[in-house]
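Data block below; observations after.
Lettered A, B and C in written order, each chain numbered from 1.
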Amino acid sequence: MELTAGQIATLLNGEIEGDNDLKISRLSKIEEGKTGSISFLANLKYESFIYETESSAVIVNKTFEAKKAISATLIRVENAYSAFTQLLEQYEKIVKYNKSGVEQPSHVGAGTSIGTGGYRGAFSYIGKNCTIGNDVLIYPQAYIGDNVRVGNGTVLHAGVKIYDNTHIGNHCRIFANVVIGSDGFGFAPQPDGSYRTIPQLGNVVIEDHVSIGANTTIDCATMGSTIIRQGVKIDNLVQIAHNVEIGKNTVIASQTGIAGSSKIGENCVFAGQIGIAGHVTVANRTQVGAQSGVNRDIKKEGLSLNGTPVIQLKDSLRSLAVLRRLPELERRILELEKQLKDNIH
Amino acid sequence: MELTAGQIATLLNGEIEGDNDLKISRLSKIEEGKTGSISFLANLKYESFIYETESSAVIVNKTFEAKKAISATLIRVENAYSAFTQLLEQYEKIVKYNKSGVEQPSHVGAGTSIGTGGYRGAFSYIGKNCTIGNDVLIYPQAYIGDNVRVGNGTVLHAGVKIYDNTHIGNHCRIFANVVIGSDGFGFAPQPDGSYRTIPQLGNVVIEDHVSIGANTTIDCATMGSTIIRQGVKIDNLVQIAHNVEIGKNTVIASQTGIAGSSKIGENCVFAGQIGIAGHVTVANRTQVGAQSGVNRDIKKEGLSLNGTPVIQLKDSLRSLAVLRRLPELERRILELEKQLKDNIH
Amino acid sequence: MELTAGQIATLLNGEIEGDNDLKISRLSKIEEGKTGSISFLANLKYESFIYETESSAVIVNKTFEAKKAISATLIRVENAYSAFTQLLEQYEKIVKYNKSGVEQPSHVGAGTSIGTGGYRGAFSYIGKNCTIGNDVLIYPQAYIGDNVRVGNGTVLHAGVKIYDNTHIGNHCRIFANVVIGSDGFGFAPQPDGSYRTIPQLGNVVIEDHVSIGANTTIDCATMGSTIIRQGVKIDNLVQIAHNVEIGKNTVIASQTGIAGSSKIGENCVFAGQIGIAGHVTVANRTQVGAQSGVNRDIKKEGLSLNGTPVIQLKDSLRSLAVLRRLPELERRILELEKQLKDNIH
């Protein structure tokens, strides 16, 4: 991308102070800017950077008053932070999601319909009887099985694997090498010590505006559906087992695992490397700290939890503080025992 | 799939009570059934569902006596649970593993032999001098290196990567994006602080009836073989390091990791997110709780373990119970110290 | 590979004792050797094996004095261990990284330049305006986006996904299904409880001699670069979040996760399943035990840490030892309370 400072000012409905024709090719943090960068200053805590920045242009609030000379061209807007975010989003559209057309070879099965717009990369595979919406980007080496539905504006990155019968909503982003709809982990023990596979015949349903990070796995239901509700954001390397349901707008950080049949509420926030046992229910707005283990139902909404097994965050922090003084505690107990023995008997 | 209730009754050697020509297109839990579904009732704890179900047909035990009117057609069999399982398995064969033939483009290297039956999807790759058995399903974008052996009836799902010299037995299922035979993590520290790669020249041997979940990784041995014995079931996102050996019928849940050269016994059950250190031996029938850490040999068979590092499950549960009372314990010690000071001196 | 014992002796600058024409086709541990194997004996702790080994040849130190009859042909060298390592490296070059040429179909975008030598497997994809060095091996189904740079001698294994604008140095090894440059996990909460995606517009920079294990994910920076310095070794299923920087020669074992914007020093050693919080700084030469949680800056260099949250290893081991005696400690406190009550009042 290369725009002039003037074009950006027009885009952001801002006023320019400096060189209208300045060429901008990059967005940078104000402390990392170089010639050709545009940055922003919203929080005056970082004001000193604006007097030293090498960025060619800086977006500032209309109310900003410089205390020293500034070499960068300024673009004054109502709200510098949201203007910069708007610029980031424009820039993303131009540089990240700009693919179109069909590259060959790519495979489309019989009975599959594909909407207008969109992109299909080389070595991508779409099975039979699928319904693919408009403006869907399917990157190279992505795989879509049979009877899959994908909504409008959804992006399937390189190497994504979508099993048969999966439903994916509109405006989802599924990142590279994600696997959706693989078999749930269900085996029935046999008298001879071996296990018999329990067929996994359900599917996965993903609603709109869901984001799923690279190499994450979401298993199909044994029967029925594993369900990811609208607006859920899932990070990389997360495991979602069969028959799980995740409520609207819940956020799940990397390497967390949710075991079979658990029901997670809306607007929960799960940090990284958490384990959630099977068949538990977690209430709305539950927050869970990193590496915690949730082994029971969380019925009250809005709790902050931590630890294995989870307890309330503030109790967990107190326990952890004592934990590191355990050897000292043991010495104190021993000392008490000695004193008591010496003094009483 | 669409069968009549009569066809299903014949298949299950059952007797029909109701509409012989009823069309069945789906298997459902009794509480989730809709028109066209078939369900089952085995445990009378769930009996109330049969009077309310929308399923068109329900499989019940021969001995079942209805206490109210039932709208669904009944199929009476000796054992409703195992009849339903049998139906699931039939259904799975029909709807899940029904691919055949060869899609193009797909790659087969010189000197490779492929048995009869089976399926090779588009963009699948098989290297040189491989021996692929009969009825092997190789999904799109799967990769098989050189000198690989794959037994009869094995399924390699989309995007699976099998490195050179791997041996895979009969009737295994390897799910999407699994990596088998990648380099073990071995580096020799050098005097200048850098590391020199220790070549990893062994392979992976997987016996019959093994299941490996999506995005799991199994490294090749440094020399010799990493070995997964018959009937082992491995979930998604599991890490098996170089030179590990896993005994017959052991089950490993998601996100567990087993470090280099450890030997795991038969019929063990490992929950999710467990870490097992390198060079340890774990006895047969060991059970380990989720998020535990096994850092030493487990010599006695059949123990239930938990915690980091693992101790016996019942001891671990007691310790965890006290753990959350630690702040209170500390206060009690302080109180004792005060009392002793006040009273004795 | 098939070499004679004589050829190997010449290669290693050693002296042969036995059959010069012996055919060697395999490298084995001395206790696992078979006819056709070559092994080594360096540590005399394992001396007994040399009298029983079935290996056809054994590399020994010049100074080795046999105490019994040995059936294997001996190759005497200055240092048996490093000679064997040298042989492993030669063998690796011959058997593991021996691909060349271009298989079709494979995709190369406009404006991309590819150096001499090297390999491109079938169904591999290279985007536009990339610069690929000499002797780069790109295995089947690997994906390289636009504007990517890959240095000389680097290996991209099957199914690797490299996003746009990534820079990879010389002599790196990226194993199967690794994802580099996927979006960082950044979302801004909105008043209605939903989240707005923060565009991730930075890239990933990987310096020379870096190794990245199968199914690992490294996210691009929000702005700027996620940086993996020279000589870093990363195991399988590791998560590196956006804007992380990892110092030279740091080693990270499997299933560890490093959250956004953290800066890791040089020559650190991280065991498996560790979690490192976002925005922390970890000093050079820090060692962290398996399953630990690093939730704060580690400022002093060279510490050995363990636990969640991490404390010094020796303190952690003491605390863990007491942890399993917690129920006993609680009983002792109760006993003290009773005694005090009985005796004082």
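As a working rule, contacts are C-beta pairs under 8 Å (C-beta built on N, C-alpha and C of every residue); 3 or more make two chains touch, one makes a residue touch a chain.
Quick caveat, the model's predicted, so the values are computed rather than measured.
Peer 1: For the two copies chain C and chain B, is the contact made of the same residues on each side, with over half of the numbers shared, or of different residues?
Peer 2: Chain B vs chain C: different; shared/all numbers falls short of half.
Peer 1: Once the Cα atoms of chain A and chain C are superposed, what angle does the rotation have, between 0 and 180 degrees and to the nearest 5?
Peer 2: 120
Peer 1: Just give me the whole-number Å value for how far the CA centre of chain B lies from that of chain C.
Peer 2: 26
Peer 1: At least two other chains touched by the same residue of chain B: list those residues.
Peer 2: 105, 123, 141, 159, 177, 215, 237, 255, 273, 291, 323, 326, 329, 333, 336, 340, in rising order.
Peer 1: Write out the stretch or stretches of chain C touching chain A in their complex.
Peer 2: Residues of chain C touching chain A: 105, 107, 123, 125, 141, 143, 145, 159, 161, 163-164, 177, 179, 182-183, 185, 187-188, 193-195, 197-201, 215, 217, 219, 223-224, 237, 239, 241, 255, 257, 259, 273, 275, 277, 291, 293, 295, 307-309, 311, 315-316, 318-319, 321-323, 325-326, 329, 332-333, 336, 339-340, 343.
Peer 1: Over in the complex, which chain A residues touch chain C? Could you list them?
Peer 2: It is residues 27-29, 32, 85, 88-89, 91-92, 95-96, 103, 105, 121-123, 139-141, 157-159, 173, 175-177, 209, 211, 213-215, 231, 233, 235-237, 248-249, 251, 253-255, 266-267, 272-273, 290-291, 320, 323-324, 326-327, 329-330, 333, 336-337, 340, 344 of chain A that touch chain C.
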